[in-house]
Amino acid sequence: MSEWLLIALIAVPTLTAVVLWALPVVTGDRIAALVGTIVSGVLLVVSFVLWWDMRRPHCPCTYQLVDTYGSPPRTVPGKLMPDVDINVPWIPSLGVRFHLAVDTISLPLIALTALLVLLCCVYSLKITPRIGRTRSLIALLLVIETGVIGTFAAADLVLFFVFFEIVLIPMWLVIDIWGDDHDRAGRRRAATTFILMTVLGSALMLLGFLLIHRHAGTFDLVFLGQHPIKGGHGVPLAAAILIAVGLAVKMPLWPLHIWLPDAHAKAPTVGSVLLAGVLLKLGSYGMIRILLPVLPDATATIAPYLAGFSVVAIIAGSLACLAQTDVKRLIAYSSVGHMGFIGLGIATMSPEGLNGALYANLAHGIITGLLFFLAGAIKDRHDTSDLRAIGRALYARLPRISGLLTYACLASLGLPGLAGFWGEMLVLLGAYHPADWLPRATFIVLMVIAGLGAVLTAAYFLRLIRELCQGDPAENPPAAFAVDLSRIEFVTFAPLVVLTVFLGLWPFTLLNQWTFL
Amino acid sequence: MTLTWTDWQAIAVPLVLAIGAVAVLLVDSFWKSASAELRHTVVTLLTSAVILFGLVFVWAQRGGFKPAFCQPAVEGPAECSFVFEPLTAGLWAVLLVGGLGVVGLSTYRLLASDVPIGEYHFLLLSALTGATVLAGARDLATLVIALEVVSLPSFAMVGLRRDRRGSEGAMKAFLVSVLSTAVMLFGVSYLYGVTGSLYLTTIANRLTGLDPDLGRVAFAAGLFVIVGFAFKIAAVPFHAWLPDTYVGAPIEVTTFLAVVSKSAGVAGLLVLVTAGIAPDGSHLRTVIAILAALTMTVGNLAALRQVEAVRLLAWSSIGQVGFLLAPLAVGDAQAVVGYLAAYVVVTLGAFGAVAVVQRHRPGGLLTDYRGMVRSEPGLAAALIFFLVVLAGLPPGLAGLFTKFAAFQAVIDAHLGWLAIVMAINVMIGLAVYLRWIAELFRLPADDPFSVDIETPAVAMISLCAALTAVLSVLPSILFALST
Amino acid sequence: MPLILPLLLAVVLFCIGVYGVLARRNVITLLMSFELMLNAVNLNLVAFDAWRINDATGQTLAVFVITLAAAEIGLGLAIVLLLFRGHGHVDADAARDLAEQDELVEQEKAT
Amino acid sequence: MIATAWRVAGVGFSLLVVLAAALLYGVDPQQTMAGGAMIGEDFWFSYEFRTDGLTVLMLAIVGVVSTCVQVYSIGYVRERIASYTALVTLFTAAMVTVVISDNLFLLLIGWEVMGVCSYLLIGHYWERRDARAGAMKAFLMTRLGDVGFLFGIFVLGVGYHTFRISELGSGPIEPHTLTIGTILLLVGVIGKSAQVPLQTWLPDAMPGPSPVSALIHAATMVAAGVFLIARLYNVFVEAQTTLTVLAVVACVTMLFAASCAMAAVEVKRVLAWSTVSQLAIMFAGLSLGTHDGRRAALFQLLTHAAFKGLLFLCAGVLLHQVGSAAFVVLRRYTRRGASRKQLRVTFVTMTIGLAALAGVPGFAGFFSKDSVVEAAWEQAKDGSTVGWIVLVSVCVTTAMTAFYCVRMWLWVFFRTPALAGAVGAFEGDDPMADLDEPDANKLRDGSWLMLAPMVLLAIGAIGLGYTDGVHLNVVIALITTVLALLGGLAAYSLWHRGADPRPVVLEREYGVDPAYQRLFVVPVGWLAKLAVGNDRDVIGAYVRATGRAGVLASQGFRKLQTGNVQTYLAAAVVGAVALAILAGVIGS
């Protein structure tokens, strides 16, 4: 039963996309959006059913843990402990298997993906990019959903790679076709930079996978998790570096983040939401799922550098935000900072840091999704996302939207009581208390710098609120067409707002999923 | 004197192909009473039947081992000039599928483009004969002769339209090829001089025990032979003839060059490498690896700014050859054949689509494809699929996995630097195809391409697309070809 | 006769051939240069065959090469004829219709 | 409609807090918890709550002040009522969370939510530039402190293997871990309570609505710092170094803030600085490390809540009626005691508040301040340096406090005989002052909704002094009274002469703010430009250069494709030779 649900999660979106494309052009964009909404809604339900199923006591996680290790080491981070398991040979001569498995690390992310795609489809019911062609947009979103969910569910390195790559071309098309319609060359460049950098990264990652295969003779994540590759130098180190670089492009970590601001800024609203909310998570998820459990020793070797780059990302991203004049670019750069926190959490290799990274993953997906929705709403109303062109005093012109924007900004800067806090807090705690084999002094220094980065994060969000929401309404009279929060926007934003509060006030539901870390 | 023996089944396919070639020529020459259309149909059917026979034979005999023209050796096992073995079967399958595809492609444009039908099919079958012999050849003389049997008909085909562009293309291909033959033969002569034999196995055996001075000579000789093949498959820096010839030839012939001729060259080189001219650890493999790196980089880079569809495909095929050479450099026949198979199917499809467009838009510019997703969704979808496979990204899993196999071969052989170069080239290659795909998606188009596509073309392109889709879902077929 | 003399001669012949291919413009001359190169190969083969006395493999291949050369020249002359019909000359370096067309790039940039 | 609902909810919630405090009074301490997750093998996260005497005291303060503020706001706030009331309620709720939490992270949630509420409320008038800037500054500086606070939680939590407040302080811990942890917590406290060196945000937060200032200064935000140290007193007592640091910070702050208050020319700014100074007195009490010190500090917290809340509400009335709280404006209304007569209740309650602040005997502030001095004297008697420092500082501060209280009282409500109607001490800012006499008849005391809370708090400002039982040390009382008298007399004599000497250094508040601006804000701006430039001109340049190189290479290869077959052949021959040489090099 669960197996079929998992297969459905991956296959249904693409099949729906094919059906949508097969429909005649005259079918209408509304119907396409409706179909997308229904399908992704069903998928959301399915993912929750799977998740619910897993929380039952029959989960074999604990005994398996004790089984393989007499006395477990302090961390067995990210190791795949499959609950639902589909495992059939695919390309025997290359050692590739079609192996899907999910556990409590991947399922929340799958649910997040389904949620965000659902919201994007709902949003598209009423609000679509000016160029139209909504049918194809919805279809591409669904294909992206397949890729992302597949990546989260893959238990074979090659399968992971394949799903990882599936999202690229659809995303490229989304940016290239539906992107910023004032800047044709810019959106083309942004889309191409995005796809080329990611492809290069993933090709390098593939080299790392092949090195693992050469060393261990298998691509199977479950097996590799149980028999990690020892040794922190030589081939494992090379593999770890290659994989880390590949995933760091996706994540993105400084200095490989350069594609991100353009891609986010030029993408349409739904594209930005998915890009920031879901696609960036592929990188961090890969690190948790592959680097840590498969190459623990090699990861330990590179962890301080990973942490260092993450912290640079936090600081550089935040500083860059301070000087941005474009709302979407600013939010994009804020993602660099937040993903830096996640990278730092992973690099600590400690349960706290990993819990934090996982939590921050979800929180960032929700909050940044909301932020991009709001930025899109503002951009739609002003036909630009340039702060100077939009003007100030949005509190007076669009009180509800700007109020929500303030809320989302506060959530994003890690205000305790909202979702962003727990992840960052746990990451910093992890950095204070990293795994035993890591240089603690280094990590404490990094923790302090990251803490200052948190202040900078607050600074740029407050600056955004000050430059955009506040101000003298007399100097910025309301435009005639500016309608405050529409009903569809309310429906789309509400789940994210509610989840932000819920995750902020009650982190235990999620954290208890990851006690095995 | 020495005794030779032959398993005639081994050479059945080349023989039938040769007989078919003659038959086609005769039918076309002496059956003047029939209309051109009828003759075209008959000739096409005849050619297809011959090639299909070959395919059926390969299918029936896969996994068999049949030597031909063998003689007992002074030392070691018998020396054979020609062998049918799983590797041969795989290569033949690829070559014959390519040939069949070209025949199919020729059905819907040949008459209009002023190409003599009988000669065309005769030359095609002759070249296929040479190609199949090449894939089974196990001595240098057979190898050289077979290579010439592939090459010479190809040039004739390039010039078959007897126009200005065709003659220039033929001339360029011819001159380069002749030079390469001379260089290769020069190498062969030294290889013979050093080892005293033309049999690949014997040469391989004797090369191992050579004294260092002669070893250097043998190395230079091997280099010359490889350079000769490098001309044929247009590896950089021996590639410059290719774009000009591709553009100059009729598009069917271009397809033939890209599919059959190139595969034959790769097959020959593969035979050379795996049979022992360049054994594991030999510097000749390093040379091939360098060639691979150069070829893929230059090919992809040059394709980056092309504005004509055929020229872009020409340069990108150079890039693809670079990727083919990478597993070849480490002697991984399985990866090479798999890659070749996917490349052949997809190239056929891509050229098929281009042929449709070029028939109505002879300019052949990328801008002719603008907005095709709306005006010709089916054709556009197929073309995008082929291009994505060539780039090696999902949903083109056939391309992805063949590239993956190439990576795996290279990594397993500890050629890290080559793997990095390949990774970079995946990116450049993607950039190349994306430009084209972007044109297809670009809306609104002033004058979108929209025609009634001929039924044979639809059938042909759908077949290629379907085959590619199957290979994408079950890539293991690709890698089962040569085992 | 030591082996080195015919080998040297062959190398010289081959180099002359290469020079001819690179330096002469007339395609007919080019074909003749190729003949020189192939003959260098033949000389090599025969010399090596004489050096190794066991069988006649080299000579056999030499015969093949001669045949091959004939075939090539035949086809080559046909192509030269075609070239002449199309271009009105037989200069190898003057046939440049198929070079990269820069104006196309300009056109694309314009759109 | 929504606004009304929110108002009812707000007042109701505040009353609920008062009710809770009343119900909990005298009940035995209790603990409970909700939720929970184990992270790794070391840390248990959950929401733990506790109630004890301190909780009840704080709940009472918070409840009463917030009720007063909510009621007062009904009359005071006119626009954006819903968001305002909601935020004040949230603010109160956050403080309640801080007070009842038994878990450091839960406490941190309340702690930072207060920060963000104060940010939003200070920025309530977001049309005004100073409000925007002040709000941002308040949030950033407190957040900077909060990061330290978070790290302090880590250090202590990891040190004690628990994040539960009631379990902290039990169990072995290395002394330096304890010191580092408590000092980091202190950083958060300093930020929240606006002590030196993070003091500059509080005066700049004054553009916010006055009731909010009352709430922030009297019962919530800034008081949270004092509460926290009182709550973790058993931990802090173990760390002598931290207490010494706290003492130094407190003493420097009280003198610094009092001197700034002496030179401020705006009612709310004077009150803000006085808050900083009074908080420092509480910290000084806490830094003594004795039970008496803690008790004195909490006593001071209690009385301060009453009189400072009162004073801000009074200032609110002034602002409400006059439109400004600057001395120079208020002075225009002093002709024939207009402001005194028209704003009778305000005048009386404000006088009571100032008296309490200045430590006039009999008023609440007098008793609480004396208890701090007394506790310090107890320490100083035993030869404790900290005790002496605190003692002297508090005494000096007493005099300074009396000075600025009297100064403000006189300048705001009375016309100085020396300069009847002439250009006076504050008109340097405004040369047109006193030329146009404002119409003082329009002044009205606020509605009863505004006045009732003031009266209530005024009663508190008098009566709360006696709640602790009157146990006067006569000598100390005498000394502080004399000092206060001296300060007051000095202020009176200056006022009488119509002079208000304001040393430049004080008026500029020691130039701390511009210095911070130059030291931190400007460099961060540069760094931000650097980061953007780095992305654009370094990393981006590499990416662009890669693309450009690809295009150039492509064009180069196109150029090589001349169409001349002999070039191709030559290239091939050269290539073959190069390949042979390359292979030879690699081979050898």
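Chains: A, B, C and D, in written order; residue numbering restarts at 1 for each.
Rule of thumb we're sticking to: a residue touches a chain if its C-beta (ideal position, glycine included) is under 8 Å from a C-beta of that chain, and two chains touch if they have at least 3 such contacts.
Just so you know, these numbers come straight off a predicted model, no measurement behind them.
Of the two interfaces, C-D and A-B, the higher number of touching C-beta pairs belongs to A-B. Rounded to whole angstrom units, the spacing between the C-alpha centres of subunit C and subunit D is 91.
Measuring from the averaged C-alpha position of subunit A to that of subunit B gives a distance of 43 Å.
Look at where the CA atoms of subunit A average out and do the same for subunit C: the two points lie 61 Å apart. Here the CA centre of subunit B is 23 Å from the CA centre of subunit C. Annotation for subunit A: no residues touch two or more other chains. Contact with two or more other chains is made by residues 558, 561, 563, 565, 567, 569 of subunit D. Among all residues of subunit B, those that touch two or more other chains are 171-172, 175, 179, 183, 243-244, 305, 431. Chain pairs that touch, as defined above: A-B, A-D, B-C, B-D, C-D. Those residues of subunit C whose C-beta lies close enough to touch subunit B in the complex are 10, 14, 17, 21, 27, 30-31, 34, 37-38, 40-41, 44-45, 47-48, 51-52, 54, 57-58, 60-61, 64-65, 68, 71-72, 75-76, 78-80, 82-83, 85-87, 92, 95-101, 104-105, 107-108, 111. On the side of subunit D, the complex with subunit C involves touching residues 558-559, 561-567, 569-570, 573. Interface of subunit D with subunit A (complex): residues 35-43, 45-46, 83, 105, 108-109, 111-113, 116, 119-120, 123, 126-127, 132, 135-136, 139-140, 143-144, 147-148, 150-151, 154-155, 158, 524-525, 527-532, 534-535, 539-540, 543, 547. Residue ranges of subunit B in contact with subunit C, taken from their complex: 140-141, 144-145, 148, 152, 155-156, 159, 162-172, 174-175, 178-179, 181-183, 185-186, 188-190, 192-193, 196-198, 243-245, 247-248, 305, 307-308, 311, 365-367. Subunit D makes touch with subunit B in their complex at residues 550-551, 553-555, 557-558, 560-561, 563, 565, 567-569, 571-572, 574-576, 578-580, 582-583, 586-587.
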